[in-house]
Amino acid sequence: MKLLLLNPNTSAGVTQLMTDVAQRAAAPGTEIVPCTATRGVPYIATRTEAQIGGAIALEMLAEQHEKVDAAIIAAFGDPGLFAARETFDIPVIGLAEAAMLTACMAGRRFAIVTFAQALGPWYEECVRDHGLRERCAGIRMLDTPFQAISEVGTEKEDLLVELAQRAIVEDEADVLIFAGAPLSGLAERVADRIPVPVVDQVVAAVKQAEALVALRLRKATAGTYRRPAAKPTIGLAGALTARLEHRDS
Amino acid sequence: MKLLLLNPNTSAGVTQLMTDVAQRAAAPGTEIVPCTATRGVPYIATRTEAQIGGAIALEMLAEQHEKVDAAIIAAFGDPGLFAARETFDIPVIGLAEAAMLTACMAGRRFAIVTFAQALGPWYEECVRDHGLRERCAGIRMLDTPFQAISEVGTEKEDLLVELAQRAIVEDEADVLIFAGAPLSGLAERVADRIPVPVVDQVVAAVKQAEALVALRLRKATAGTYRRPAAKPTIGLAGALTARLEHRDS
Amino acid sequence: MKLLLLNPNTSAGVTQLMTDVAQRAAAPGTEIVPCTATRGVPYIATRTEAQIGGAIALEMLAEQHEKVDAAIIAAFGDPGLFAARETFDIPVIGLAEAAMLTACMAGRRFAIVTFAQALGPWYEECVRDHGLRERCAGIRMLDTPFQAISEVGTEKEDLLVELAQRAIVEDEADVLIFAGAPLSGLAERVADRIPVPVVDQVVAAVKQAEALVALRLRKATAGTYRRPAAKPTIGLAGALTARLEHRDS
Amino acid sequence: MKLLLLNPNTSAGVTQLMTDVAQRAAAPGTEIVPCTATRGVPYIATRTEAQIGGAIALEMLAEQHEKVDAAIIAAFGDPGLFAARETFDIPVIGLAEAAMLTACMAGRRFAIVTFAQALGPWYEECVRDHGLRERCAGIRMLDTPFQAISEVGTEKEDLLVELAQRAIVEDEADVLIFAGAPLSGLAERVADRIPVPVVDQVVAAVKQAEALVALRLRKATAGTYRRPAAKPTIGLAGALTARLEHRDS
Amino acid sequence: MKLLLLNPNTSAGVTQLMTDVAQRAAAPGTEIVPCTATRGVPYIATRTEAQIGGAIALEMLAEQHEKVDAAIIAAFGDPGLFAARETFDIPVIGLAEAAMLTACMAGRRFAIVTFAQALGPWYEECVRDHGLRERCAGIRMLDTPFQAISEVGTEKEDLLVELAQRAIVEDEADVLIFAGAPLSGLAERVADRIPVPVVDQVVAAVKQAEALVALRLRKATAGTYRRPAAKPTIGLAGALTARLEHRDS
Amino acid sequence: MKLLLLNPNTSAGVTQLMTDVAQRAAAPGTEIVPCTATRGVPYIATRTEAQIGGAIALEMLAEQHEKVDAAIIAAFGDPGLFAARETFDIPVIGLAEAAMLTACMAGRRFAIVTFAQALGPWYEECVRDHGLRERCAGIRMLDTPFQAISEVGTEKEDLLVELAQRAIVEDEADVLIFAGAPLSGLAERVADRIPVPVVDQVVAAVKQAEALVALRLRKATAGTYRRPAAKPTIGLAGALTARLEHRDS
């Protein structure tokens, strides 16, 4: 199977980081197809950037979806996820969604630890949007500036581990998630310093994508995730226009 | 005060309809400044269209916000609302938000009645996003095709009143909201055929915008709605780019 | 329009304070009609006082409702509000209700800050009764004695601002409400020392009353807020007796 | 022990009905002390009547509380209950509270069946106020007029049993509560026609009052149910005034 | 009436402790019939022990239920309670259930204080299973080792009182529950050092059992607590086998 | 990897059915190790059977856990799951848990359709225990008797498809789960007659087990799922005794 790793951010370095983790986690027959946004922001961190980034993710999916068997929206916070699931026929999974649902199988409550204060409100809305507030022990964020976005996981490794340890003790978390695309791969490096299971967001997303493909789920033609009816559009990106106007098949 | 009536849809007819209702409801000193999306879809009805339409609303706001004192995102479902509230300094209000919060002051539970099946899931998410599920008696939708989007309120008037009556009896609603921009002004025409208060979404939004301006609320510099820090962007619309990169003041 | 500012407490000084704030906030055509309880307690602070004060509010409304276009129950906690909304034909709004719903349009979560420990439990029930727990970041109270009830906002200004600042940082509030009738007008004085929007309860209530009147909502004849059927009573206050027995029209 | 059966309604016939049921259910040492409101309405059925009736219940308790060991507020809906629990030193129990909490020990979800449409909204708020929505399968009401309030249980016996049977099948209730003071004693008469346990509200209240007395619970001097501090009052009933001003001991 | 005090733990000393408390609390006609598990663990403290202990409780009930009028599953956490209520005809009550529901009649929120860290997660699930999270102010646990399980209430008396005092101040609890069978009787000894009502779990359970018997509730033949249909079993304990296969009557 | 398919029921035919489905779904390196309970009931359907079956599952796991890399508790309802996750070091997954969490990635709300009325209450508690009520559109059950438990999926195929279709239309489900071990494999046969994705519980469980193993999660030594401390036991099964007393390693 071909699995699109769609980074709605413009940081190619982060895409590379995630692709490496994804490739190591992939089953023999799974090919990771990376794809980085050519417009947008280096990393999505706010409601505004998620609103814009989600729309960009849809444009990217419109261009790529026919070439792959499933797609991961590879930004924790899952910009555009529900829209993508509605409009495209292939399974689409969010990085946050995959990490959180997987974490639910390893304990009662997961903690989310991330590298920037700004991400907190967006992640909180993400937890709520997935209906998982009861399963979330809390969200903790570093509040110091960092150097390069794709290196933040290495630069702040010790501080992130400390934050994780505090989340476990003070928030009574059973499972830990390092959240934010730049922290991909961190779990593997630090798991032995953290006394609960640590779920890597990219590994989780790859395995969940493989699971959905294995289930051979059909595209809904009823319910709220059936493909919307064709509608005329003005001024949208080419492939997305074709998809929304049903002129793509 | 100048109040931007921002229609994130491309239907100028619907903007006209809303502007008429808004103008009639406005206080003496309030000037309605209408604005119709130049790209997007005729009317937003799905998660996908809301994702795209919300991003377009941000582009429009970036161009207009300095000319007005407050803005209404004039599509029930409030595309881009929370992002707009975060990124801009003026009060921004959603049509759904204004209608629902106002309805809370007229009864325990409001019913939402609209003209197309496709709108249901999006409106349901909107109710949840505002934390108002407990106050919502239900959402009811017509399921017959209509002719022109800006005329649907007239064309389906009797069917919509019937649906409203059923919502009151079967869902035990105390208040009624006709939802969807094209239904603006319907409340006034049919209020005497409906045995509970009917909140017009546009009237509510205008009065709420006036209320927020009267309160002279400052822009947050703390909390989750402070303006996000400047961030480099690629390929976004001009005014929005300036706003996100803090090159606009 | 005439707007009844009904103070269910016996403190005329507090009524005066609120009337001043209300008058400044009112639209040109709005006349504030103040009214102070002639029996009850100086300021309602407990479940017991709210039970009694709510019944007194109904007596006052029975006497005044025909002379005005809308009414504000001007005690944060909204004693008797839902009963009043049910029994009278004019729009009736609570101080807490107006402040909280308005705050919802300025951020995700509001904090409530007040001047006396005793008010906490009642305010907490008030938040719950309005179905707004998810939108409330917390309630914080001073715990030092104060001199005169109508001066407490001035006397404790600095302490209240400090408490507000802590609510914003520690409870992650986006909006602030100074709650309790004697704190009316405080928002205006201290807004520039608080880094999030501050909603004044009286200003909010006046603008919401004006909004409801502008919507020209009909009195429900169905749903849970229709007027209750006539019922014989014994020993109740004159005007209220007439209203409950349907002998008033 | 002496147990006050406080009927906040003015229907002496209903008090008699409840007293008979209570006396049969009481343990050997328990003496039922009935007490009927001398002002108010024949039976509380709306938010307004509950607001007023709750205040009257406080007046009655202020007169009686020193003569008894515990009190039942004997109107389903529990008018004034939380206020009474706060202000008086003896255990005070509500008819609805006792019935619902007892029902929780006999099944997952209880259904509430009552004799008048008007009672629905008030009972719904009562369920919510006790935090028991999750345990309530639904509320069902007759909608036909009745003759005498104290005879309604006999007059409508068959219709109420039918309604109970429907609640069990359609709402998946495990336990049944006939709610409303005039339905006291009905459980015993019809239990063998209903396929789930039926909790009599008065029997439950008497046994719960006995349980609380047996536990010899102290009056709180901390927490939200400590006695409020003394406060000056104007124009309230004599005994209540003394209690609120702490001039009663 | 005969009341089975079923200890699903193997600690006869704890059974003795509870029996003493129960006997003192029992009404004149109530005979306490104690019964200690002959297999299992000394005291249930984890999900695993609750799973096993609940199955053992069913075996014990199958042997005893015909000899008594009601039963208490006398381990806080209520192992096997809902299963027992479903399978047997007599009222069955849990220690936690009785304590928590009784506490609801003495305040808004109860705090749970216990003697071992390990019990926290199980108790938290217990609160949730009863639908009482909203009524629970928090769970606090000692984290120091103790000597003998049946003496832990005496050994740790001062520490437990301190913990209770902190729960009241920091968690804003209105009522206190000392949880865990070995803490039975502690309430009586320390009530005067704790400023809110303290509910003894065994006293509450005895009084609730007496209440249910007084209500003469029938066994459900509909709803989710009707007796399950007969089913063949393999390798289960004798009396339980007979009960499940309907060969016992 | 070796994956234990632990059937806590005694029906070998159902184990065979699930093993076939599991083997087809397994990745190349995954070996399914089936295991059928030697005591208990043919199929768990009630709270009582789940209490007993969960304890039996723990006995089985104690015997098998060292021979495998992960385990599935292969009864929808997940008897003993949380206890197993706490006590054993390998990942343990429930059939219901895997199906429901996987379904969350294919739509907003899943419907559960099963073959016997008796299963409803247990499944409802299962949904609640996983914190997924908001994601569950409803549970629907056939109410006609069936012939052989391992053939019920074939015997009732048409009726189950019909029920599924009604769940989609009437309960607005986006995804469908055929629940109950005997319905394993049904999804594949009928997927093309159902207009939304159908998640097969066994396929989901196998893929989730593979995902957890791929994540190489460590056993918690902190949080609520750390292994409980050693404790003496009496009369429990041999391997389980060793595990609980920490005499197994």
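So that you can tell them apart, the chains are marked A, B, C, D, E and F in the order they are listed, and the count of residues begins at 1 in each.
In this section, contacts are C-beta pairs under 8 Å (C-beta built on N, C-alpha and C of every residue); 3 or more make two chains touch, one makes a residue touch a chain.
Because the structure is a prediction, the values reported are computed rather than measured.
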item	value
Selected from C-D, A-F or E-F, interface repeating B-C by over half of its contact pairs	A-F
Chain copies touching (chain A, chain F) - same or different residues, decided at half shared	same
Chain of greatest Cα-centre distance to chain C	F
Distance between the centres, which are taken as Cα means, of chain D and chain A, whole angstrom	53
Centroid distance [mean C-alpha coordinates] between chain E and chain D, Å	27
Distance from the mean Cα position of chain E to that of chain A, given in whole angstrom	45
Multi-chain contact sites of chain E, meaning residues that touch two or more partners	82, 108, 121, 224
Touching residues (chain side chain C, partner chain D) in the complex	10, 38-42, 45-52, 54-55, 58, 80, 82-84, 86-87, 118, 120-121, 125, 129, 224, 228-229, 231-236, 240, 244
For the chain E and chain D complex, residues of the former touching the latter	25, 27-28, 82, 85, 91, 93, 97-98, 101-102, 104-108, 130-132, 134-135, 168-169, 172-175, 188, 191-192, 195-200, 203-204, 207-208, 210-212, 214-226
